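Structures incoming, each one as structure tokens.
The same subunit A turns up in both complexes below, where it pairs with subunit B and then with subunit C.
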Partner chain A sequence: MLKAARGFRQSQEFWLVMVTATLVVVLSILRPNFLSLQNLLDLMSSYAYTGMLVLALFVVLIAGGIDISFAAVATAAQYAALTVANSYNIGWIGVTLIAAAIGLSLGLVNGFLVYALGLASIIVTIATQSIIFGLVLTITRGQDIFSLPEWFTRGVDWTFTVSPDGTEYAINLQMIALVASLVVTWLLLNRTNIGRQVYALGGNPDAARRIGFRVFGLNLFVYGYMGLVAGLASIVLAQYTQSVSPTALVGRELDVVAAAFLGGASVLGGAGSVLGAALGIALLAIIQNGLTLLGVSSYWSGFSTGVVIVVAVVAMARDARRRWRDSPGM
Partner chain B sequence: MSLPHPLARIVASKDFRLVVLIAILIVVFGSLIGDRLFGQLGLRSMAYQLPELGLLSLAMMVAMLSGGIDLSIIATANLSALTIAGSLSLMPAGDGGSAAALWEIGSVLAGLAVALAVGVGNGLVIGYFRVSPILATLGSMTLVKGLAIGLTHGSVLSGFPPAIVFLGNGSVLGLPMPLIVFAAVAAPLSALLTMTPFGVRIAMFGSNERAVRFSGVDTRALTLRTYVLSSFVAFFAGLVMMARFDSANAAYGESYLLVTILACVLGGVDPAGGFGRVSGLVLALVVLQIISTACVVLGLSQFLTLAIWGGILIAVGALDAASAGGVFALLRSLVTDVVAPASASPPTGASKPQ
Partner chain C sequence: MNFLELKSVTKRFGGVLALSNVDFDLAQGEVHSLVGGNGSGKSTMIKIISGVVSPDPGSRIVIEGHAYSHLNSVQSSRLGIQVIYQDLSLFPNLTVAENIGIGFHRGGVRPVDWGAIRRAARGALEKLDVELDLDAPVSELSIASRQLVAICRAIVADAKLLIMDEPTASLTRHEVDALLALTLSLKAKGMTVLFVSHRFDEVLEIADRVTVVRDGVKLGTYEAKGMTERQLVTLMAGKSFDYETSERAIDRSRPILSVAGLSREGQYEDVRFDLYPGEILGLTGLLGAGRTELALSLFGMNTPDRGSIAIDGRPVTLTSNADAIGQGVAYVPEDRLSQSLVLNQSIGGNIILPVLDQLTGPLGLIVGSRRAELVRTWIADLAIKAPKPDDAVKTLSGGNQQRVVIAKWLATKPRILILDSPTVGVDFQGKDGIYTIVKDLAAKGLAVILISDEIPEVLYHCDRILIMRKGRLISEFAAHRSSEAELKEAVYA
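Our next item is the complex of A and B:
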């Protein structure tokens, strides 16, 4: 018990909890409306897309790979699904199915290429990102879609409580999707056979291969999952922004990568917990939201995010080194 | 074991297949749109465009050679250009003369100092704090770009003295200045990487970090110097970009970031580190530039260029993967068997250049 507690105290999650908690306390003292229900719900809605992608990317990172192409995949899925929705009455199920199918198939292509070419996954997915994004922009000519079907823009809201002053608090599509992907990813990594194989593959690919894991199948699975989630997240985002823009997503994928690493995914694979990933997203969201609430000009938000990333990675690396030194046999 | 025939070694090299690729491109595009693509105007636009991506790719290559990556090169180039631009805008008004020239030189040096400072920061975090390069430079990229946006509010600084504009748009003996700057950086860099202990150690470090450390090299200092060198090259990229556009901005050239990695890998730089030559990178840049300019001449979307670039990388990767039955292995065996039957043929797959 004591040992477990000490283990947690040395873990990445512990540091993330401490940093996040400190930020929450400081912010809520400085700006009481930070902890308001409305602000927290807004935060969840606006970070649903990023959060879903961080969780899916986390699975790829644990398997020892990386995917840079998810923003291009999301763009393709979003554009195709909503273009069809504008012409045919396919409803929510149709939109979701189209986006999921496009995301999944592009993800499977990534998984196949990473395995078949034997190139570093970052290289393969940079190439597929270029191909997908280049083709989408060539076909769409980079034009945004502003008018979406009425049923789509209305969205999904369940009012769950009304405060005395008449403000309605509702659960929307974005929150449901974010929580659902959190739960599914957690179950996948911790409660399924394939999830444990993903950890094993990232921890030691050679050993995993020799034990007889089907590495090709695992590759298809993790990149397919990433693509599928990217497709679904793109619909969630389009509903939130009420528009489709083929140029809005690509170029910002490194934010998602940064959040996943902040959450404790190892660059080498094989390590990281879903709790850490969730904390990584929360940390980035709180910093950016906190700066806005404090009245810091949005021009400086990138700089502040950068400072936090650098400080965090240095702190975590020092921590890892200490553990490495203390571990027996070294 | 006897060395393979020199000709066989050339054919087996990664540079050779890029030469083949360039030849194919020249024949195909030459027959389609040769007069426009390889006419004066086409060649001119290629010569002015290639150096931007080229200098950035060289900066990326230095880091990749050491087994790392430097995602902060473009942010560094822009911050350095903005520093120069900002300093120039503070120049006291008055007659030109030597005072103005001194101020201009001082401004450029200030930009260089900023770039080197970013490199030192990267090197300290990666070499001494042992943070993985992708994470460290992801952080510094965000930070440096954030600093540039915070200071300029995303605005464009423009209007530079003739000397700087000349650097981006002038020409000497018919050669465009950006190309001269590129050559003046690429050639010494190539020499540095292949002929000096420092340069050779960068590749050795990328090949086997532990072996280099155990042979008595201070790998932390080596890493520091590697990332300073990368930033140093990025500074020239920033200088050429600001000179060509006659303006500086926090977001110039951002879309090039992943393309530089693509160019390096196409040029034979091993993403795991240890292998790669400037000559290969230059050939890869020529391939990318011919495709890009051909798309412009053909009136195709610039985004299609991006898709074709990605497709080329996948195709080359597929050729590598299928090298047992691939075209280049076939060429290789043809040359070794027909042209140089006396020499020992290099074992397929084990023929990594260098």
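Our next item is the complex of A and C:
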């Protein structure tokens, strides 16, 4: 027990908790409404898309790869699913299935290419990002979809409590999707054999191959999962923003990548926990939301996000460097 | 009864014959050692047994009475053959328990059976009678403990034959003893062990039989009892390496290097010696005696507090390695992998590094023809054996890597060459080659300081030997008037 506590104090997660807690305390002193239930619910809704993608990207990073194409995949899935929904009455299930199918297939293509070409995944997925995004722009001519079906824009809200002053607090699609992604990703990584194989692959690819783990299958699994989640997250996002634009997502991937690394993933693979990923998302959301609440110009948002990430990562890197990989004999 | 037999096993890679008609057998429950130099074919034999490569048609592998023309790795594992590679093939990010029970992770989205994994891990540790924290990440373990994890994993995988590839290469003496004891206890439990090592003292201590391979041919299998290290070396290399001390004529009229009263707080104290052109000066002593620190001072990378250094009679101040290189000093550090070589670069790319400025043309750009000529010269001069000069240095054997490092420094045309433990991790033939190179260089007038742990090395290959202890030079020997026993006495007393 003691030992576990000591392990936690040295871990990435511990630092993240400390940084996050400090920010929460500072922000709630400066802006009392920061910790209000409404603000927290709003945060969850607005970071659902980013959060889902961070979790999925985390799986790819643990396997030792990276995927840059998720925003393009999400754009394609979103655009296709809602274009069909505007012409046919396919309902929630139809929209979800189309987005999931497109996301999954594009993800599998990534997984196949990374394995078959034997190239660095960052190069392969930059290429597929470019191809997918190029196709989407060509087909859509860059046009937004202005009107969405009425049932879609209405969304899903379950009011769970009403405060004395009459404000309704509701659980919506975004929150459910985010929490579900968290639970599913955690179960996959920690409670299934394939999840542990993903960790093994990221920790020592040669050894994983020698043990007889099927590296091709694992590649399809992690990139497929990334694509599937990107497809689903795109619907969650469209419902939240009430719009579909082919140009809104691509080019803004770095929030997701930053939160994943902040959460303790390593470019070398094998490292990181779902708790860390969740904290990474929370930290990113709190920084950006805090700045807005403080009235800082949105132009500064990127700058400040960068600074906090650098500070947090420097604090964590010292430990990580000691623990990871430079250990001889691996 | 034999657990395994290889019958007329041949393997060609491209046109190269890696194994030629090898017959080999492993008796059930024996510890068998396989020895051979680099490129002897012993790795190919292991790969054939473990199913990583297939032998050529006509070869037969017989395991517990069943004959196979070739194996794949899954088959080999199922037949009870487990290899512990030199890199151990562990997962640094996973715990001890999970590394041992990694085989339980087969099969997709089925839930992990953590209970079974822990039971298996605990069982294996008990069988070896060792204790490890099941929940510790492997990255936090010592090399010796990691090796135990790898052995436990093989046990969990129902190993009947355990192949250990150079298992002692990075262990301390104490850990080696523990590993050898463990190997014998596995043998007592009925395990067959194939032990690959080029430390012959270990081989003879532990093995029942020894098989020697050279150039893809099996020279023979011998009872370990009654074998000597010298016999093994001679068999393995095809010639004997009996060195003798020698007295060479050295002109001691004018020292090239004079060190007087050199001190650096906490590292070495009042060091005084002269070095003459053409002389090979040995510097030995226990680890931590201050040898490397002194050498670094002579190379400008560890500025002394007091004392003087004179090169060619002129006092010099060496405050950076650029100063030292300018004065004609070259230093080949102990750890060639991390401090001397760019492993992914070609041989040529490594050799030219310290002399880039001499290869440039009028525009300050490197002239290809000059580069090629320099590289060609050194590869020939030092007889570096490589298929192509463009091959990455990491593909070379230890002895050839060391030659590349020496070539790199000789390219700076030094007058004083400091070699820090140049033969660590190099096999007998490689060592012999390095000694020959050093003697040739000295004969041409280069002054050499050879730092080494190994007393025979300094005794048989140096003219004079200085012994250092706790930062002080405590005695000096003329090689041709000394013996191993005398030097040992001086070092360890």
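Throughout what follows, the second predicted complex is superposed on the first by the 320 of 330 C-alpha atoms of A that agree within 3 Å, B and C clash if a C-alpha of one lies under 4 Å from a C-alpha of the other, contacts with A are read in each partner's own complex, and residues count from 1 in each chain.
Following the convention adopted for this analysis, a residue touches a chain if its C-beta (ideal position, glycine included) is under 8 Å from a C-beta of that chain, and two chains touch if they have at least 3 such contacts.
None of the values given here were measured: they were computed from a predicted structure.
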Checklist entry - Thinking of the overlay built on chain A, is A:N204 touched by subunit B (first), by subunit C (second), by both, or by neither? => result second
Item to check | Most subunit A residues touched (candidates subunit B, subunit C) | outcome: B
Next on the checklist: Is A:R196 touching anything from subunit B or subunit C once the two structures are fitted on A? First, second, both or neither.
Outcome noted: second
Checklist entry - In the superposed arrangement, does A:G91 touch subunit B (first), subunit C (second), both or neither? => result neither
Checklist entry - For A:I123, is the partner it touches subunit B (first), subunit C (second), both, or none of the two (neither)? => result first
Next on the checklist: Taking the superposition on A as described, I'd like to know which of subunit B and subunit C A:I131 touches: first, second, both or neither.
Outcome noted: first
Checklist entry - Of the two partner chains, subunit B (first) and subunit C (second), which one does A:P32 touch, if any: first, second, both, or neither? => result neither
Checklist entry - Who does A:W300 touch here: subunit B (first), subunit C (second), both, or neither? => result first
Checklist outcome for this item: The answer for subunit A against subunit B in the complex is residues 68, 113, 116-120, 122-124, 126-138, 141-142, 251, 254, 257-258, 261, 267, 297, 299-307, 309-310, 313-314, 317-318, 320-321
Next on the checklist: With touch defined as at the start, can you tell me which subunit C residues reach subunit A in the complex?
Outcome noted: 73-74, 77, 85, 87-94, 98, 102-112, 133, 135, 137, 139-140, 143, 146, 170
Item to check | subunit B to subunit A touching residues, read off their complex | outcome: 71, 125, 129-132, 134-136, 138-147, 149-150, 153-154, 254-255, 258-259, 261-262, 265, 271-272, 300-301, 303-311, 313-314, 317-318, 320-321
Checklist outcome for this item: Given the complex, residues on subunit A that touch subunit C span 3-4, 188, 190-197, 199-200, 202-204, 206-208, 210-213, 270-271, 323-325, 327-330
